[in-house]
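Chain nomenclature is as follows: A, B, C, D and E, assigned in order of appearance, with residue numbering initiated at 1 for each chain independently.
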Amino acid sequence: MSIVNSQADKIKEISGSNPLKCMKCGKCSASCPSFNEMDIKPHQFVSYVQNEDIQSLVESKSLWKCLSCFACIERCPRNVQPGKLIDAARQIVVRQKGQDYLKADEIPELIDPETPQQLLVSAFRRYRR
Amino acid sequence: MYKIAMDNLSALFQKIAESNELYLPIENCGQVNYGVWSEDADVNIEALKTVKSPKDAFFPQSENLYRCDKEEKKISITPAQLKDQNFVVFGMKACDIQGVEVLDKVFLSDPVDTFYAARREHGTIVALACNEPEETCFCKVFGIDCSDPKADVATWIVDGELCWKALTEKGEALTDAVKDLLTDDSAADAKVEEKKAEIKDIVEKLPYMGLSLEGWGSEVVDEKFDERFNSPVWNDLYKPCLACGTCTFVCPTCQCYDIKDYDTGHGVERYRCWDSCMYSDFTMMAHGNNRNSQMQRFRQRFMHKLVYYPINNDGMYSCVGCGRCVEKCPQSLNIVKVIKAFENQGGEK
Amino acid sequence: MQELIARAKELLADGTVARVIGWKAGDLPYNPEPAYFEKEEDFDDFVYNSFCGANLSKLMIEACKLEGKTLVCLKPCDTYSFNQLLTEHRVDRDKAYIIGVGCKGKLDIERIKKQGIKGIKSIKGAEITDDAETLTIDTLYGEKTCAFKDAMLERCHVCKGKEHKIYDEIIGESKDTKDAERFAEVEKIEAMSPEEKFAFFQKELSKCIRCNACRNACPACSCRKCVFDSTKFDSQQKANVDSFEEKMFHIIRAFHVAGRCTDCGECSRVCPQGIPLHLFNRKFIKDIDELYGEYQAGEEVVERGPLTSYTFEDAEPGIVAERG
Amino acid sequence: MQRIGVFVCHCGSNIAATVDVKKVAEWALKEPGVVHAEDYPYMCSEAGQSKIQAAIKEKNLTGVVVCSCSPRMHETTFREAAERAGINPYMVEIANIREHCSWIHKDMEEATKKAVILMRAAVAKVNLNTPLKPGESRVTKRALVIGGGIAGIQTALDIAEAGYKVDIVEKTPSIGGRMSQLDKTFPTLDCSACILTPKMVEVNKHENVNIYTYSEVEKVSGFVGDFTVDIRKKARSVDMDKCTGCGVCQEKCPSKKTPSEFNRALNTRTAIYTPFAQAIPNVPVIDREACIKFKTGKCGICEKVCQAGAIKYDQEDEIITEKYGAIVVATGFDMIKLDNYDEYAYSQSKDVITSLELERIMNAAGPTKGHLERLSDGKAPKEMVFIQCVGSRCSDDRGKSYCSKICCMYTAKHAMLIRDKYPDVNVTVFYIDVRTPGKNFDEFYRRAVEDYGVNYIKGQVGKVIPQPDGKLLVRGVDLIDNKQILKEADMVVLAAAIEPNKDVRKIATMLTASIDTNNFLTEAHAKLRPVESPTAGIFLSGVCQGPKDIPETVSQAGAAAVKAIGLLAKDKLMTNPCTAKPDELMCNGCSQCANVCPYGAISYEVKEINDHGVRETRRVASVNSALCQGCGACTVTCPSGAMDLQGFSNRQILAEVDAICR
Amino acid sequence: MSIEANEEFKPKIVAFCCNWCSYAGADLAGSSRLGYPADVKIIRVPCSCRVNPMFILRAFEKGADGVILCGCHPGDCHYSTGNFYARRRMTMLFSMLDYIGVENGRTRVEWVSAAEGVKFSTTMNEFVEKIHSLGKNVRLGDLRCRN
């Protein structure tokens, strides 16, 4: 195997999922509440990563339409978990923008008192990797 | 006569160890045995009896004889190196020294055991008179004077001092080597004599002093021999014997060994190790065993020590009365009980 | 003791037994030897005192092959060994007449000598009828004393109890002498680091002279031919050539008696080098208790021991690492 | 000293590509005892075997080492070849340099080094090998079939037809199995009962067949040719000889609330019941858990109404012990539980059903008398959705990793039948792949699509949401259109994965037959011995070995029967000579070995032993080599090492250890 | 073949595999091309219960750095009960080795079925890695066997 696209590898590394395991059943897309808002559908995330077309993924609307509801992760029968892939793609974008990890002590001053706790938890869940 | 303060012994040991390997009684996990001296060794020269006798220094429990190396299908043989380094055995008691004499008669007579001979040649014995003999001691029965040991150097512990007297050339040489640490004291002779008398006095009171060797020894031949050999007494005596090798392995005179091969994967190490006539495979041969009962093996041990050996060695017994077997036999059997068991028999003869 | 002698003579006289296995007085105050008694006059030397530590049950293997019954004197802890031998068909119950002899703890002469007492002429307080807490020892170097407890064999400090597990009759009283935790020493070692453990055993085992006394005294090591004497495994039995030899010997010996060892303590009692050999066997006993349920070999005659049975849920060998 | 020949196989390039075979042969010549070494491209070929035989004769070889593939593959081949050349077959050992070496290593030097070491170990072992002679054991000419479904019935019939006695043990009150629950069968749409019932009758009437229904295998001991099996005949509470099968008891039974197992709990049955009308035997059983008489002591109606006096409340379980030469496992399958797939709302809605439940609904004898209706409200459905691969092909731990194989076809069948009988019902099938490899299978599926208008959508369903109005909102995806689909359905049918019957693990343990991670019984060889278990004398029939449809099951059932017949036709079997053997001189007679022997092969005798002239009468172990299977448990238990295993002796294994650690 | 001082540590590892499950599992690993280090050498035994603790100690004596025993899963033994005995025996042996200060992890038992080629391979990879981390076996070898 020649040197692979480092971004695709990075997504695989961050997400911990292996796109080769996908059997193309589509259960992810069938489960997705944001399906209709997305230009690239959840089951396609897998093939985009597999085909190493990360650029399209990064530029897609889907990237920001995913709710991180984890339905696809929960239901994927093959442990491919497209939600994790898109999340990883998002992280790549975020990190590229120079917005790498926050330090724990930076957080309190950034928090608006009105911010719902739920959002914080969700953010942690998403960005802890 | 020279002397050195007991407190200063470690300096003496250090000095000796500079040019010799030094064997002396060392305490390890509560037991005193002869071992090689080192700075941190827990030396205990006042212990009367080491568990094992010091015969290891001349006749180790196991030693390699030669090595066969296999390269493809060719075999080459490398003999083990003979001892070529001088060593000193410090603190040997009179009985153990006599034990070495017993071994000498076996290993130094023709054919000479070169491994043993090399060790004897390079070894210097520093003897130590027994300070407080115990109830298990019976060296006097074999004519040994534990107050006046004969070796390359003889020493006595008197009033916190070790009195030192070279008796042989080897002893003189060693004395010269450590002379810096010794002081000459003509008064010491008298003190030592006093000490000797004191020890002899105690020896007289030991419970085994009355032991009679009548009916044993080199004159047990012909009918007397058959009678002893076939005596029913053996049948009663051996019964509690566990057939372990304790008596043999603590004994200063037992000299039987077995030769074995060890497959190292690259070749074979041929080594010898002490054997015990108490073991069921003692003198085992292809056809089986010529002593096939424990009674026979038990009898062998004592007949050898008290009859066969004396017959072959001008009446010298191959027991020195050190009493180690008396102390260590798990079943409280021992040579004294054997000798005593025949006492009455002897009378009837 | 007199009651015991009288009863033994009686059983011998009426033909109930053909011989008696007991102890014969030694030539020193502390060295009685196990002996056979077949005639009335033999009993002149019969002795039973606190130095009669030897476990006579193993002698019954040979005795059971003889004509007629053999009377054997067994202390409470010896009866466990007898039961274990029965379990393994090594002795014949019908050929044995067991007198359970009373025991109030047995003495270890080594422990007395360790206290610097030498030149022993006589010892008072070791008679079986005595309830003395102190031994009075007359020596060539004056009179000495020693607390009975301090002179007791290691095994008596972890006494299994005063009950005889098998007997035809009991003569004399027994006392539970337990005053220490059975597994305390094992636990101490378990708590060590691997390096300390290794150093500990290396040091102790370096004394081993391969005399096989532990094996030959052990009632569980009753094989007709030990693997270490056999050519089948190419295992050396008498050489202490390399330190590995001893480890191999002691591990395998402990393994062979695992689940069968009654913890009678003979191995440690007879070791001429004072190696605490019971620490091996007791480790297995502790493991068996913890992993497969409390088990005391020889408590009764059973069909299967812990290593010849199993359950589906047994711990995996990996537990050793998990326990840390 | 042995004269050993070493033969190194290239296995084409399988070995030679990674192992320098010439070098292995060269090194072999340096080993003690080796007098001949050569290499050859295919040792197992006729020519290769001839080379071995020629060398044996020319060089007077006493032992042979073949460095080749796994001994599990060709040990027998080479042993037989050696035997034909005049040396004892047990003087041959295999060094596995293919599976354990060339196939797993890439570096030639490393693999060659390892191959040399494996060769050395084998040579070291052969140096200590001794000729062994197999013993003989007799064959009991009777077979046992565990399971009375179509697989078991077919196997039993075939064995019986060959003239051997055969017993069927069936756990439920009737034979028939899963097939009796089916309505129609693909790809011909025959009525399942119409083709099964005659077979049930035939097997029941066959003079060589004996059926134990409502019975279970309790204990199995022995070995190939000579198994002893305890069968627990559970108390039926009905005298099978007296019962006429009139059915009055079932009509009158007041306890009617027990879910019917046969109808997949879609309706209920009485406490005294026959599972279905065509049950064989047509004798009811009393379900003691449900029976009022057993629960309270009162009632006894069935006894009163039974004119034949067949009701026996005091009947007890009976243990029947029987000997068999061969055992066939035909324990079948069940649907998986759907607890892990709550997104399909199986537990929330009565109208989400499994396909087996649909079979019962479609069946005229089923809970709805064959009318397709919603179980919630009895209404006829208009929209039906089928979801495929529910719990199959899952790599997570929610489902099964394998394809259940039959679902694609039965779903096509269901769709077709519904469209045929109820043309107004729309049928949608969500699929991942449609798998139809079988005779006339794809044609069948295409008919469903082309002739019956079944709507096949490539995509999966994500969620089924029960609506307040009783409808089921199905959210799926159409991957071809790349659209999410929301569909209101009246009924949803789940093609749940199938799994081996849960009792199979217990049975496999009793039989010491191996089982895979999915609880399917393992075959002796995936390709060449698909109907035999690795345990000799145990054969596999039907789905217990892996998912299959009916025609496959029937053909495998026949194949298993043939294998069993082949065994039963023999009068005697050669036994494995690698059995335990005690050295009487060393044996203590302590009985520890007998305690661990799983075959009761060790007994004790008191006899006179002559130990180099010392005679003694004592108790020693003796091994019945016909019973001993050579596991070696006794050898380790024996503290003195008196017990040894021929062919795997202490010294042989130690020699291998030494050779490897050298 | 002598080992030079600075040569890479090549552990000697003996794997006892029962004929029915684990040896077949190793065969499956082979036919599935699931690699593991060549340091592992397999000895075929009829059943895990055939493995005498003596064999394991002997392997260490002669210079092995790790010994692993593989057998059928409990309950699946070809001889029905063999691995149950093996399990107790090995637990006892391993416990004793631990007790005398031999590093944990030089010995291992793993149940590998005939279908578990993957498990066989991963187990062997893991085990070799473990032995690498423990280094050469110095506590249980006979000095004479070293060269």
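The definition used in the following text is that contacts are C-beta pairs under 8 Å (C-beta built on N, C-alpha and C of every residue); 3 or more make two chains touch, one makes a residue touch a chain.
Remember, predicted model here, so these are calculated numbers, not experimental data.
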(Q) Please report the minimal path length, in steps, between chain C and chain D on the chain touch graph. (A) 1
Q) Suppose chain A were not there; which sets of chains would still be joined by touching? A) one piece
Q.
Quick check for the class: compute each chain's Cα centroid; which one is farthest from the centroid of chain E?
A. B
Q. Which chain has its Cα centroid closest to the overall Cα centroid?
A. E
Q.
If I rank B-D and C-E by number of C-beta contact pairs, which comes first?
A. C-E
Q: Going by C-alpha centroids, which chain is farthest from chain C? Tell me that one.
A: A
Q.
From the mean C-alpha coordinate of chain A to that of chain D, what's the distance rounded to whole Å?
A. 44
Q | Whole-Å gap separating chain A and chain C, where each centre is the average of the chain's CA atoms | A | 71
**Q.** Intercentroid distance (Cα basis), chain B paired with chain A, Å
**A.** 83
Q | Of all residues in chain E, the ones touching two or more other chains | A | 53-54, 58, 62-63, 75, 81, 85, 89, 142, 144-145
Q: Mark out which residues of chain D touch at least two other chains, giving numbers and ranges.
A: 596, 637, 650, 654, 658, 661-662
Q | Those chain pairs that satisfy the touch definition | A | A-D, B-C, B-D, B-E, C-D, C-E, D-E
Q: State the interface residues of chain D toward chain B in the complex, per the touch definition above.
A: 30, 32, 612-614, 658, 661-662
**Q.** Residue ranges of chain E touching chain C (in the complex, touch as defined)
**A.** 53-54, 57-58, 61, 74-75, 81, 84-85, 87-105, 107-109, 139-144
Q | Touching residues on chain B, where the partner in the complex is chain C | A | 28-31, 33, 48, 51-52, 61-62, 132-136, 202, 205-208, 236, 239-240, 242-246, 248-250, 258, 260, 262-263, 271, 273-276, 279-281, 326, 328, 330-333, 336-337, 340
**Q.** chain C-facing residues of chain D, complex
**A.** 585-592, 595-596, 604, 616, 618-619, 637, 639-642, 644, 650-651, 654
Q) Which residues of chain C touch chain E in their complex? A) 189-190, 192, 194-202, 227, 233, 235, 241-245, 247-248, 251-252, 254-255, 258, 280, 283-284, 287-288, 291-292, 306-308, 310-312, 314-321
